[in-house]
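Reviewing the structure listed below.
Each chain gets a letter, A, B, C and D, in the order it is written, and its residues are counted from 1.
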Amino acid sequence: MEITAETSPNVTVVSISGTVDSGTAGALATSLREHAGNGGSHLVADLAGVDYMSSAGLRALLETVKEARQRGGDLRRAGVQPNVLRVLDLSGFTKILKVFPDVAAAAASFPA
Amino acid sequence: MEITAETSPNVTVVSISGTVDSGTAGALATSLREHAGNGGSHLVADLAGVDYMSSAGLRALLETVKEARQRGGDLRRAGVQPNVLRVLDLSGFTKILKVFPDVAAAAASFPA
Amino acid sequence: MSGVTTPGTLEAIQAFVVDGCRRAGADDATGFDLRLAVDEACTNVAMHGYAGAGPGPIGVVLESDGTWIRVTITDRGVSFRPERVEPPDLAAEAERRPLGGLGWHLIRQMTDEIEYHSDSDSGNRLVLGRRIKP
Amino acid sequence: MSGVTTPGTLEAIQAFVVDGCRRAGADDATGFDLRLAVDEACTNVAMHGYAGAGPGPIGVVLESDGTWIRVTITDRGVSFRPERVEPPDLAAEAERRPLGGLGWHLIRQMTDEIEYHSDSDSGNRLVLGRRIKP
């Protein structure tokens, strides 16, 4: 798994790629938790590069959604591969994470 | 497109298969509208057999969600093929239609 | 292929695109995506381009060089400005979502290149391109 | 394959399942699904079965007759009752969703057949089956 984050004053875009499983989800959760404190807790997860996600990854995403919303922000998503989309959907996460057609649209969806 | 409906006292399960496009979505909307009046407007759409859906189908689904909710019910979904799931997701409909792992779970999700 | 914008033609156009994508070596998901983009565009021609006027002529040509697939759609209906079609608010609750207004959004999602040209002599021409190889 | 329940083994098990599914002629989506089901089950063995005890032995065997793929997972951790694991409430708002509790739900979604057996002599054995041809 690789994580890169780009922070602008109003939003942090976290791009994740590779495998998100019980071995890597901890690092994802830590990274997301850090960023949830910045930019008004306005977070965008770009999942386009993720080719595998297990329930450990879902846990990291849910933890971040809760944390960000408690701070008045949110975690929104853009980009997802079909297999990972099915995992999100079967777990009720397509309802939890607001989706946008691309990273720019997700970033622009937050109030300035 | 084929539509079959199974009505029990509390819920109507509408199973849709084939192509849902501008040529067939009208018939889908009509059928769903009829059922929205029955069983407390508790509707389950089983999309497992749908191999194609265009925005005309999304329109029929949204119309039904609105109608059912106004009557205190809902339209929930179970079963979907990956390509159609992408269409729902890219259109924000994974957020609108509550998803369940199978028809039985979706049907059981409604209050008796 | 060409025909007039009736439901039968719209169905035949879908089959034509799926078939052309398969011949071009695209995978099923790509075939699905281009079918959807072309169907949305042609349905719009039938519903908006020829609104009131009844069915009118429509032409669909598919070309591929092995790296891209390009579908050209021509019609004689009213012209319009695709770039002015506003994106939908995907985050809105169901109650606030309008009925319709998703066609151009899906066309944009499913394609990598969009070109539109309109003049009174030659009518309207929309080219939808999708990359099939890196 | 066999090993002890460390992150490295869990990663190797995923690769082993993906590879076995490909050899059995399953498509990529099926390989993804079985990888997920087996990964969830093996992660549970590491996290719950051997909780406190540290890494313990785990075995994974994949078999296919061309119509089904069956993966058998064996371990010596605590036994439990998979059929008693409650399904999650998928319709709940994020704020009310618990962290965790999705592993068995995903295992059920991704498989067509689940068998579990446990006794003090032979330990725990979980068989996950998935149909790959009609």
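Observations, loosely collected:
Everything below uses one rule, namely that contacts are C-beta pairs under 8 Å (C-beta built on N, C-alpha and C of every residue); 3 or more make two chains touch, one makes a residue touch a chain.
Because the structure is predicted, anything quoted here is derived from the model rather than measured.
C-beta contact counts were set side by side for B-D and A-D; A-D has more. When every chain is reduced to the mean of its CA atoms, the largest separation from chain C belongs to D. The geometric centre of chain A is 32 Å away from that of chain C, both derived from CA atoms.
Chain A and chain B have Cα centroids lying 28 Å from one another. Computed from the mean C-alpha positions, the centre of chain A lies at a distance of 25 Å from the centre of chain D. Counting partner chains per residue, chain B has residues 82, 90, 92, 95, 98-99, 101 touching two or more of them.
The set of chain C residues touching two or more other chains comprises 29, 90-91, 105, 109.
An unclassified topology is adopted by the chain contact network, corresponding to no line, ring, star or complete arrangement.
Listed by chain label, the pairs that touch are A-B, A-C, A-D, B-C, B-D. Taken in their complex, chain A has these residues touching chain D: 19, 21-23, 52, 54-56, 58-59, 62-63, 65-66, 69, 82-83, 87, 90-92, 95-96.
Considering their complex, residues 7, 10-11, 14, 28-29, 32, 35-36, 39-40, 43, 46-47, 88-95, 97, 99-100, 102-103, 105-106, 109 of chain D touch chain A. Residue ranges of chain A in contact with chain B, taken from their complex: 80, 82, 85-86, 89-90, 92, 94-95, 98-99, 101.
Against chain B, the residues of chain D that register as touching in their complex are 29, 87, 90-91, 105, 108-109. The part of chain B that touches chain D in the complex is made up of residues 76, 82, 98-101, 105, 109.
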